[in-house]
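Read from first to last, the chains carry the letters A, B and C; within each, the first residue is number 1.
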Amino acid sequence: MGGYGWISLTTDYGTFDGFVASCHGVIARIAPDVRVIDVTHHVPPADVPRGAAVLAQTAPHLPESVHVAVVDPGVGTARRPIAIGTPNGVLVGPDNGVLIWASEVLGGIDEVVQVANKDWFLGDMSRTFHGRDLFAPAAAHLATGAALSDAGPSVDADTLVRLADPVVAVGDGWLEAEVMTVDRFGNVQLAAGGATLRALGADLLIGGNVRARRGTTFQDVKPGELLVYEDSAGRVAIAVNGGRAVVVLSVRPGDVVRIAER
Amino acid sequence: MGGYGWISLTTDYGTFDGFVASCHGVIARIAPDVRVIDVTHHVPPADVPRGAAVLAQTAPHLPESVHVAVVDPGVGTARRPIAIGTPNGVLVGPDNGVLIWASEVLGGIDEVVQVANKDWFLGDMSRTFHGRDLFAPAAAHLATGAALSDAGPSVDADTLVRLADPVVAVGDGWLEAEVMTVDRFGNVQLAAGGATLRALGADLLIGGNVRARRGTTFQDVKPGELLVYEDSAGRVAIAVNGGRAVVVLSVRPGDVVRIAER
Amino acid sequence: MGGYGWISLTTDYGTFDGFVASCHGVIARIAPDVRVIDVTHHVPPADVPRGAAVLAQTAPHLPESVHVAVVDPGVGTARRPIAIGTPNGVLVGPDNGVLIWASEVLGGIDEVVQVANKDWFLGDMSRTFHGRDLFAPAAAHLATGAALSDAGPSVDADTLVRLADPVVAVGDGWLEAEVMTVDRFGNVQLAAGGATLRALGADLLIGGNVRARRGTTFQDVKPGELLVYEDSAGRVAIAVNGGRAVVVLSVRPGDVVRIAER
């Protein structure tokens, strides 16, 4: 039934070992015509919400794919390996929440199955490397056209593990939101959607005492000044023109930041 | 009109976020048969000369490609997005100098256009991520055979932003040159071309007091000794056999180093 | 005669410079239909045993390939560039031991040749970048179907440089083994094969005073406790549930670790 020409990989494996290459290799052996896009392999070890966020922000820009996400501190335990069908692709990974946000941006959950087809697993399956031995081969079989129902029994979507929603609160002239991520440029992305910004004026205070301005691009403020803007993922973010907002604000993912009119 | 089978990417996006994968995805959606070579995504943030240098030193070894370089501290401002046609490939990126040195090694500038075709841009173009929303789609369209003139209006090559030439001075028995880059092995590459070495003897002083020898390979000197040689990019470089020249010399890109006969 | 659809690359080049991309480019120019899997480019500079180990642990999971390994502190000296034929792929790299362990896991050495065919080398071969100028083009020619004997003269396998075997000793209720590698999760892999574990009981001491348990997956022990297990490469390894064994044990590659029943 068609299948997919592409598989994406999102892991916390890093690139110093051969883990990622082994996943590429397993896919190439099963599905040699399928191509792989590496989303990132630098999710901080075991940081499930970070893996979930980076996949959700990237997947809409990829071709229709089987998206594999392996941030899996429970590997080898009873946590279920699952595959989620959506209107715009399939998601494969552990049932620990890492796939949930991506399923929402891909149009919602159509169908969930537990990946349990032992014919698909690598012969001598390890207890500690399901990326190579279970998730990559399952993705490869699904990409070559296997039906979701071939992967294993149906799972009730209501039983899936879900992540806590990040904190977002909006009031009259202010918003408070959790830091989702800090990118390579030191820009601080909040969980609040960009639309929440429209109710705020141009002159803002962050955390009560740091002055900032609302704008759309880094050079809407002078060098060294702070900008509050809607970023390329549609979230509220804070940047410094020519600098690193993360240093100025001294925050990290999970902290809550308050932005208010001044 | 032919087009190109390959696109290369050179950015300062890093690989911890999904930025690079989004560019791959946009290319895959528009030009699924085109293949991508990542030159590097670890240009130091906003370091335009470093991005220009690494692309210029790598592009001649790639197949004929559309080369995209995005080191773009002025994203979202009036700086022009451009595409440069050369006899050996096309270059796409911001008009801030990052493409210039590559255009020279690819045979010179045949034609320049401003990338302005809104039909090519991603629907809801962000102000801060032109790699995904403007440069990657433009490169994909050019790779699939679109003419440069389809991208937008012609630009006078004399109006392009150019980088300052790095310092190189050569005299009788000496040369002075700016440090271009320090590679993973601690080798220090200077801006001077390798031919400038031929006028020097074998026994050299670096910076007036560090002894070195001219040679061609690391083991032309004893372990721990300094070697001055023409590197694989055709530049004068300084290495230590079994060590790191950057530590011995304590220099960084932009510093000027003097090499003289002793 | 067939050739190979895939080339793998294992180097110490890092990804900050354009070295890896140049190798990809050279391959693409000679063998445009061949696809490349990057095993890793983060072998510590000049660490030949580490390069040999990561390739040997990864290659069995890749499709039949020409595997290129370039960890080559002797580049430009008399060390021989070689290609090794095995029943399950070809290995290309310097004769310094980096290919040996992979040749064993791929079924043993069928044939060795010195890579000496000057028609294959890049025109103006550098003395310091044989990855781009010699090994990548040789691999590309072999992948497109050239015979090993076209690469150059036969080499007696008994003359190949070999690495010292890592320390492994097993006694009644104990084993001692060298640390092979520490992965991104802080798990410590020993040189001992997983089978050596079966003779040990469940309650163990590491290094005489650190308590650990034998098991198969991280959650066989409580959070913070140490686990001794057979890892996904079939080696004895030490992990901490939710922590980093490398920190608890304070070891690094080359150290010898003793595990004994308590």
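Here, contacts are C-beta pairs under 8 Å (C-beta built on N, C-alpha and C of every residue); 3 or more make two chains touch, one makes a residue touch a chain.
These numbers come from a predicted model, not from an experiment.
Homomeric contact chain B/chain C is classed as different-residue, with under half of its interface positions used by both copies. Superposing the C-alpha atoms of chain A onto chain B requires a rotation of 120 degrees, rounded to the nearest 5.
Note: centroid distance chain B to chain C, computed from Cα atoms, is 31 Å. Multi-chain contact residues of chain A (touching two or more other chains): 15.
The residues of chain B lying in touch with chain A in their complex are 12-19, 21-22, 24-26, 28-29, 32, 45-46, 73-77, 126-129, 132-133. If you check the complex, the residues on chain A that touch chain B are 5-6, 8, 15, 35, 37-42, 54-55, 57-58, 61-63, 181, 183-185, 216-219, 229, 231-232, 239, 242.
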